[in-house]
Structure formats: C-alpha cells, structure tokens
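Common to both upcoming complexes is chain A, partnered first by chain B, then by chain C.
Our next item is the complex of A and B:
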C-alpha cells in the first residue's frame, strides 16, 4: 500500500501539472502550423515564416529579457543590501509586516498604482504642477508607457524586492550566517571579506533557482506591461495576446507561433540551467 | 606567560556572567575548562576572541594587550560546538579559507592544504561538499581549517559535544596529535570530566562566572567541587557491587 502512494502522487502530478499544459502546447503547435483553426486549410510553414521574418517576436523577446534582467538585478541587489545592512531591524515585527504587505497586492493593482503616481496626469505630475515645476501635463517626463520601461521596472521591483528580502532573511537564519560570519572573522576575514566571501555567495547560491524562476515569471508577465508598457516593442505576453485576439484571423496562428516559440525558448533555458546541476545535486 | 587574563569582568543586563577572571597559560599548552551550562564558559571564550567586549580587565597575548584589537586581527580562532563548515565551499576550500585571506600563493596553499588533509586522514575527500561528510569528518575539517592558519590561540567550545562516543575518542586522539604537531596553544571547554583530564596540560573549573585553574591534575581530582571524587565513588561502588 505504501508503495502505491508515490505512484498516486506521480499520476496526480501528471494529470494536474503536466497533461493540461502538454495538451495546450500541442493545440498551440497544431494551430501554428495551420492544422487547426477556423480559417486554416492544412499544414503550412507560412505563419512560422511570417513571424520569423517580421522580427517583431525577437525584438519583443530581447526587450522583455532586458526589462526582466534589470528588474531582477535591481530587486536582488537591493534585497541583498537591505538584508545585510538592516537585518536586525527587519526582524522586528512591524517592519517584517511592512515587508510582507507588497506581496499581498496583485500585479494589476501595483501596475495601476504606479500609473496613478507616474503618468502625465498622475499624482507626481499634479504635485509638480502645483509647485510650478511644470507648466502643463506634457512637460512631465515620460515615466509610464515609455521606451525605457521605467514604470514597468518600478512595478516589478516593488513586487519582487520584498519577496527576496524575506527570502534572504530566512536564508540568513537557516544557514546560520551570523555564526558563519563570526567564524570567518575569527579566521581573519575583515567585514568586507565576510560579506564578499561568506554572506553573498551563500545567499545567492540558496536563492539561485528562485532568481531564475522569478526572471522567467517577469519575462512572461502580462498585466503590468499591459498597463505601463509602450506600443512597440511590447513585452512578450502582451504581444502574444494581442496577436491571438486580432480581428485578422490569420494573425491568430502567428500569435500561436509566438507562444510556441516562447515556450520552447523558456523550457530549453530552464533545462539547460537546471538539468546538469540536478545530476550533481548533493542534497 | 603566553596568555594572561587579568581581572576580566563581563555582565549582561546587570547579571555578572564572568567575574574577575584571572589565569595564565604557557605557549603550546592546552587548558581544559570544565563547567556546567550557563557558568560563563562561552562568554569567557568569546571575550578572549574579541566577539564580546569585556566591561573591564586585560587580555594579554604574547606580551601584547589585545583588548582593542578586532577579532580578525587577534589571530585567535574560536570554534563552536558544531563544525560550522562553509556550505558553499568544498573541503579543500574550507580548509584553505584562512590561507586565502592571507593571500598566500596557490602553490603554497595547495601544498599546505594537501598536507593538512593527509594529517586529518581525509585523503580523497577534498572535492566533496560539507553535506557529503559524516559528523566526525566535518569536525576534523573544522579543526584543520582553524589549525592551518597557525592561530596564536585556539578556543574550542565543547567541540566534541555532538559526536558519538567512538568518534569522540578518535577526535580526542587526533586533536592531541595536531596540537602537538602544529604547536597550538588552546583553551578547551568541555562538560566531560574524562575529556578535560585527557585533553588538558592544565585543568580549570568554572563556576558561576569564576574560574579556578589547578596547579596539577592531582589537585583537580581531589577538589570535591569538580565532581571527580563523586565519579570515582560511583565507579568504585559499581565495582564492589559487581564483585
């Protein structure tokens, strides 16, 4: 009976976790090759060729990757700095509550708040007008729907940074970093060396899988770039949904091509990053 | 004297944890310190290591007062009861940690670490990560990592407390061998009477923040406060009953 339990778990995992995704992927693949779809007439490469030749997908992919990278770098870097500098203060109940609070706010709400604050008719624009710093709304700098994705990055950082602060605080406790730091000092390390050789490597090593997963999460994020992003290039999910919901029915298949391509690239990246290490896993 | 502790006092929230601590230790000797939990042993070691500031008194090491020196500048290594190996470094790099801080050449580091791994009887384990070793092996690495830096003073806080009896005995033998080989001066805190007698050239007994260092092992054995007499009576009683 005991031996059956792991099998039941595996079957449930396949049924709930893998099967729906696999079926959706196969459907998208068939759609992208014109095998299924209202106006599609049979197997064709034309949608794939159209997507690959237009270059919009790859422009969007690079744009999304850059935004995700900048947001992750700022969030992880900021969380490391806050954790190392203010660890003892953050362990106080009220401050840890403040750190949890942003995690409870959905992405769409965060995006809306950032828009309310930074748009040309938003809170800061109005304050700037009231103080006489700008003469009209158009004088206020483009902080949302802008080329440099400042609004998107700010929203992402607001969402991700508190999570990593809490994660690093837990790693600090669980890995006994305070004791390891004292030991390193006792072996001759100065405070800078303790941070560089002990605290940073251990925190980053323990968080590396979550850093990659969060990067992928941001790469495929939808609501925030929909509210705060620019028209072109758009982040990937926004581009894919736009294509799939086109009035031009031919474009729907191109949307599925983009979705399949994105899935393949992300899956290949995840396998490349995690598979060799799993083989050598120590725990 | 190599180590001189003069009138060290340390209190936490009006509680005197260490009271007028005075003792001396010659170079290359081990002072075993016996005492019950909460008697101030760990605070005493941390104070000497520079991890806790004393309220008053002097710590003199090799003729120099080191009270104002940072822990990293004292060349004193404090070892916890747990091995506390750096989890992100393999065994070689754990042992090499202190040497890398001293910026020795790679050749020198490789030579010295390999020699230490041999002394620790850990050949073939250099590339392994800490979680791939047994408790005894991890404790050996912990020793090696401390001793290889040639500390002026090694402070051991119940280092074998978490080991089983057999491993503990092997570690005691290894510790004696290494301290002799590397001419280490050390303070060895333990709960275990037998271990205190075996490991120390001198023995001290700490009670409610005060340390008494005995002139010889005989004096230590004869002092009723240390519990040795009680232990002897127990074993003698057992012997008589079994006869």
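Our next item is the complex of A and C:
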C-alpha cells in the first residue's frame, strides 16, 4: 500500500510529462513519411526528399540560428556590462523594481511595440518627418519585416537583456563576487584583472546552461518573427506552422518533416546539455 | 570624474524601461493618429470605455485569460509539487529529469501543431478546456524542473524524521513539507500563471480562434490594423504581471542560479 503512491506519481509523470511529447513526435514522424494524413496513401520518402532538396528548412535553420546568436551575444554582453558597471545602483529599492518591469512584457507585446516604433508610419518615422529628414513614409528605412531582421533582433534583445541583468545580479550576490573581488585586489590584482579573471568567468559559468536554453527558446520563437519577420527566409516556428496550416493538403507532410527535424535538433541539444556525463557534468 | 556619466546613463536606462509602458498607455488613449501627424486627432478615454461594452470583446477576453491562467497555474503547481517528489527521489531521477526537459524546450506552437490531431479526437479542439489542457502540458515540465531544487537530501531527512517520530504521510506534508515549500509554491504559481498569460502560439492552434485570450486579441487587432485597441489589449496584458512581479521578484532568481 505504501509503495503505491510513488507508482501513481510515476504513472502521472509519464502520462503528463512524456506521453504527449512522444505522441506528438510519433504522429509528426508518421505524417512526414505519409503513413497518416488526409491525402497520404502510404509509406514514402518523397516528403523528406522534397524538404532536403528544397533547402528551405536549412536556410530557415541557419537564419534562425544567426538571429538567436546575434541577439544572445548582444544581450549577454550588454547584461554583463550593465551588471558590472551598475550593480550597486541596481540593488536600490526603486531601481531593483524597475529592473524587473521588462519581465512583465510578453513577446507579442514586444513585437507590437517594436513594430509601432520602427515601421514606415511608426513613431520614429513621424519624428523623422517632423525634423524634415524624410518627405514621405516610403523614405524611412526598412527596420521591420526586413532582410537583416533588425526588428526581430531588437525585440529579442529587449526581452532577453533585462532577464540576464537580473540573473547576473543574483549570481553576483549568491557567489559573493564582491568579497572575492576584494580578496583578489588585496592579493595584487588590478581592476581589469578582477573583472576578466574573476567576475566574468564565474558569471558566465553559472549562467551557461540558461544561455544555451535561451538560445534554443529564441530559435523556436514564434510571436515576434510573426509580427516583425519577412516572407522568406522565415524563422523556424513560423515556417513550420505556415507549412502545416497551409491550404495545399499535399504540402502539409513537408511541414511535419520540418517539425520532426526541429524536434530532433532540440532534443539532441537537451541530451547534450543535461544527460549525466562521467566528468565535468554540467549539472 | 570618470564616473559622472553613470547617473545619466542610469536615468536613460530607467526611461528606456518605462517607455514601452507609457507608449502603450498613450496609444490606447488615441484614435485617428494618421501619418505624418505627430499628435492624434483624438486623445481620451473613448477606447477604454469600450472595455465595458461588448464592442471589442475585451472584457470577455480578459475574463477568459484570467480563468485559463488561474486554472493552469493551480493545477500545474499542485501536480508539479507532488509528482516532482516522486521523480526526484527515483533511482533514475537524472534520466527522468532529462525527459522532462523535452516538452519544456520545444516551441509550444510546434508542440501544439503536432498534438492537435489528438486534441481533435478527444474533443478538446477549439474550446477553453482544450486550451487549459494544452497549456498545462507545457507548464507542467516547468513546475517539475522548478521543484527539483526543493527535493534535496535535507527535505528527505525532515520527512524521515517526521515518520520516525510517528507522523503520518499526511502530517509530513501538512506540518513539514508544505509549510517549508510555501514560498516556492507561490513563485511556481506566479510563474506558471505568467507562462499561461503570455502564451499565444499554442493557444491559437488549439483554440483555433474560438478561444480569444488577450494575446489572441492583440494579434487580431494588429491584423485589422486597429492599433489603438491593440495597445489597449497590451495594457490589459502587461499590468497584471507587473503586480505579480512586484510580489514575486524577491524569490524568482534565487531559485534559478
């Protein structure tokens, strides 16, 4: 009787935590091979070949990875600089609350806000017109739905940077970096060495898993690129949903191929990050 | 001398943080703001007054969002707390932990697209129950991972001590574990509430536009190019989390590093 509760807990874990993911993956896999689906007739490799030959998925993957990398590099770099420069100020009551405010803004609002600021009839376009820098809306540069994903990057940075500032502030406190820095200085280290050899390595080491996780989250981001992205190439989630939800029923299977590929990439990253290792395990 | 720029830069950062909130509130008070005008033709509470009417359906969306998010947060926090204990005291806990990460890290919208077939079969497509279940599936792994730091050797020793002193399983939970986990339960509730409150992609797939939460409304208004109602929806979307964050902020990051 006593042992029944752990068993029920484990069954519930499998039912809620594992089974839906497994079912979703198996369904997508079967659909991608033409085994299930409204117009599919049986097992075939043609959808996989079509996706691999068109190269759109890989283009989208590289495009998404580049955007995620640029956003993460700028956010983590900016957050480190702000933390090291302003940590004492940011611990004051008013500023500590202000630092948390960006976390209350969801992706959909960030996307909408950036669109309002940077679009051709947006806030900055109006300012440019008022100063006489442009004569009509079309003179304003493409800052959203653009090739270089400036709008998407800016949106991601405004979402991720504040999070990492707060994270680094807490690492600073939890790891007692102030005390360590004073100790290093008393042993003869100059301020530059304190930052480069003590503060930065510890901050980055403690945050490295979250940095990789955030990179993966940005890779699969949906709302922001849906508002601020261009038609082609699109970020991964937007591409996958566009393919799966399209009216051409013959093409839906290709969307599931992309979903399977994306799931495999993400799952491989999870295994690499979190599976126990013999030496130097991350967790 | 060198540090004189710091107060100015900090003030600039504060303005930068407050700017989106101010901009959204101001935009929600406007109408007839045509390019290249710098000022709108109308500025007042006309848009806000429509919350109380059925014109925009915003009040209804707000209520639906609150119901969905509260349901997800309550169910996830309770189930996550009890199931995580089983998972993290299991001999194969590290493998189970890795398995919990798979649905957590996958883009919810892709997860929903692949699961939608099963939701149709179960009659959970296009209704509030379906959206709650779908959001629960992505919030649950978060709760499991979140509570993993709570179930350590110390907690096991407390539970063993209670049992040794004659405490029942129920008493171990009510008198020892739950009081000790109070702050974590609260943070998990807030966080899962926010996961649900901010969710768009999964809700749009499973709700198929019939379940109009606030995030769905924002997108609808953007598509209609009705930016003033869009901003109004954004205000309703961001101010409840501000209140939650105020109470929540002390605990959030302590649990993350």
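Everything that follows uses one rule, which is that the second predicted complex is superposed on the first by the 260 of 283 C-alpha atoms of A that agree within 3 Å, B and C clash if a C-alpha of one lies under 4 Å from a C-alpha of the other, contacts with A are read in each partner's own complex, and residues count from 1 in each chain.
The working rule: a contact is a pair of C-beta atoms (placed from the backbone, for glycine too) under 8 Å apart; a residue touches a chain by one contact, two chains touch by 3 or more.
Everything quoted here is computed from the prediction, not taken from an experiment.
Visitor: Look at the residues of chain A and decide whether chain B or chain C touches more of them.
Guide: The partner with more contacted residues on chain A is C.
Visitor: Please indicate which partner A:80 is in contact with in the superposed arrangement: first for chain B, second for chain C, both, or neither.
Guide: After superposing on A, A:80 lies clear of both chain B and chain C.
Visitor: On the A-aligned overlay, A:18 touches which partner chain: chain B = first, chain C = second, or both, or neither?
Guide: So A:18 only meets chain C here.
Visitor: Quick one: is A:189 in contact with chain B, with chain C, with both, or with neither? Answer first, second, both or neither.
Guide: A:189 sits against chain B, while chain C stays out of touch.
Visitor: After superposition on the shared chain, which partner residues are touched by A:27: those of chain B (first), chain C (second), both, or neither?
Guide: Only chain C; A:27 stays clear of chain B.
Visitor: Counting only touches as set out at the top, which of chain B and chain C does A:98 meet: first, second, both, neither?
Guide: Only chain C is touched by A:98; chain B is not.
Visitor: Touch test for A:202: chain B only (first), chain C only (second), both, or neither?
Guide: After superposing on A, A:202 lies in contact with chain B but is clear of chain C.
Visitor: Does chain B (first) or chain C (second) touch A:107, or do both, or does neither?
Guide: second
Visitor: Which residues of chain A touch chain C once you look at their complex with the stated criterion?
Guide: 5-6, 9-10, 12-13, 16-18, 20-21, 23-25, 27-28, 36, 82, 85-86, 89, 95-110, 112-113, 115-117, 121, 123, 125-127, 129-130, 136-137, 158, 162, 166-167, 169-171, 174, 206-207, 210, 213, 216-217, 220-223, 226-227, 236-237, 240-241, 244-245, 255-256, 259, 262-263, 266-267, 269-271, 273-276
Visitor: Can you tell me which positions in chain A touch chain B when the two form their complex?
Guide: So the residues of chain A in touch with chain B come to 175-176, 179-180, 182-190, 193, 197-198, 201-202, 205, 282-283.
Visitor: Show me the residue ranges of chain B that touch chain A in the complex, using the header's touch definition.
Guide: Going by the criterion above, the answer is residues 49, 51, 70-72, 75-80, 84, 86-88, 97-98, 101-102, 129, 131-132, 145-146, 149.
Visitor: Which of the residues in chain C come into contact with chain A in the complex?
Guide: So the residues of chain C in touch with chain A come to 6, 9-10, 13-14, 17-18, 20-21, 23-24, 27, 35-38, 79, 82-83, 85-87, 89-90, 94, 96-103, 105-111, 113-115, 117-118, 136-137, 140-141, 144, 169, 197-198, 200-201, 205, 215, 218-219, 222, 227, 230-231, 234, 237-239, 241-242, 244-246, 249, 252-254, 256-257.
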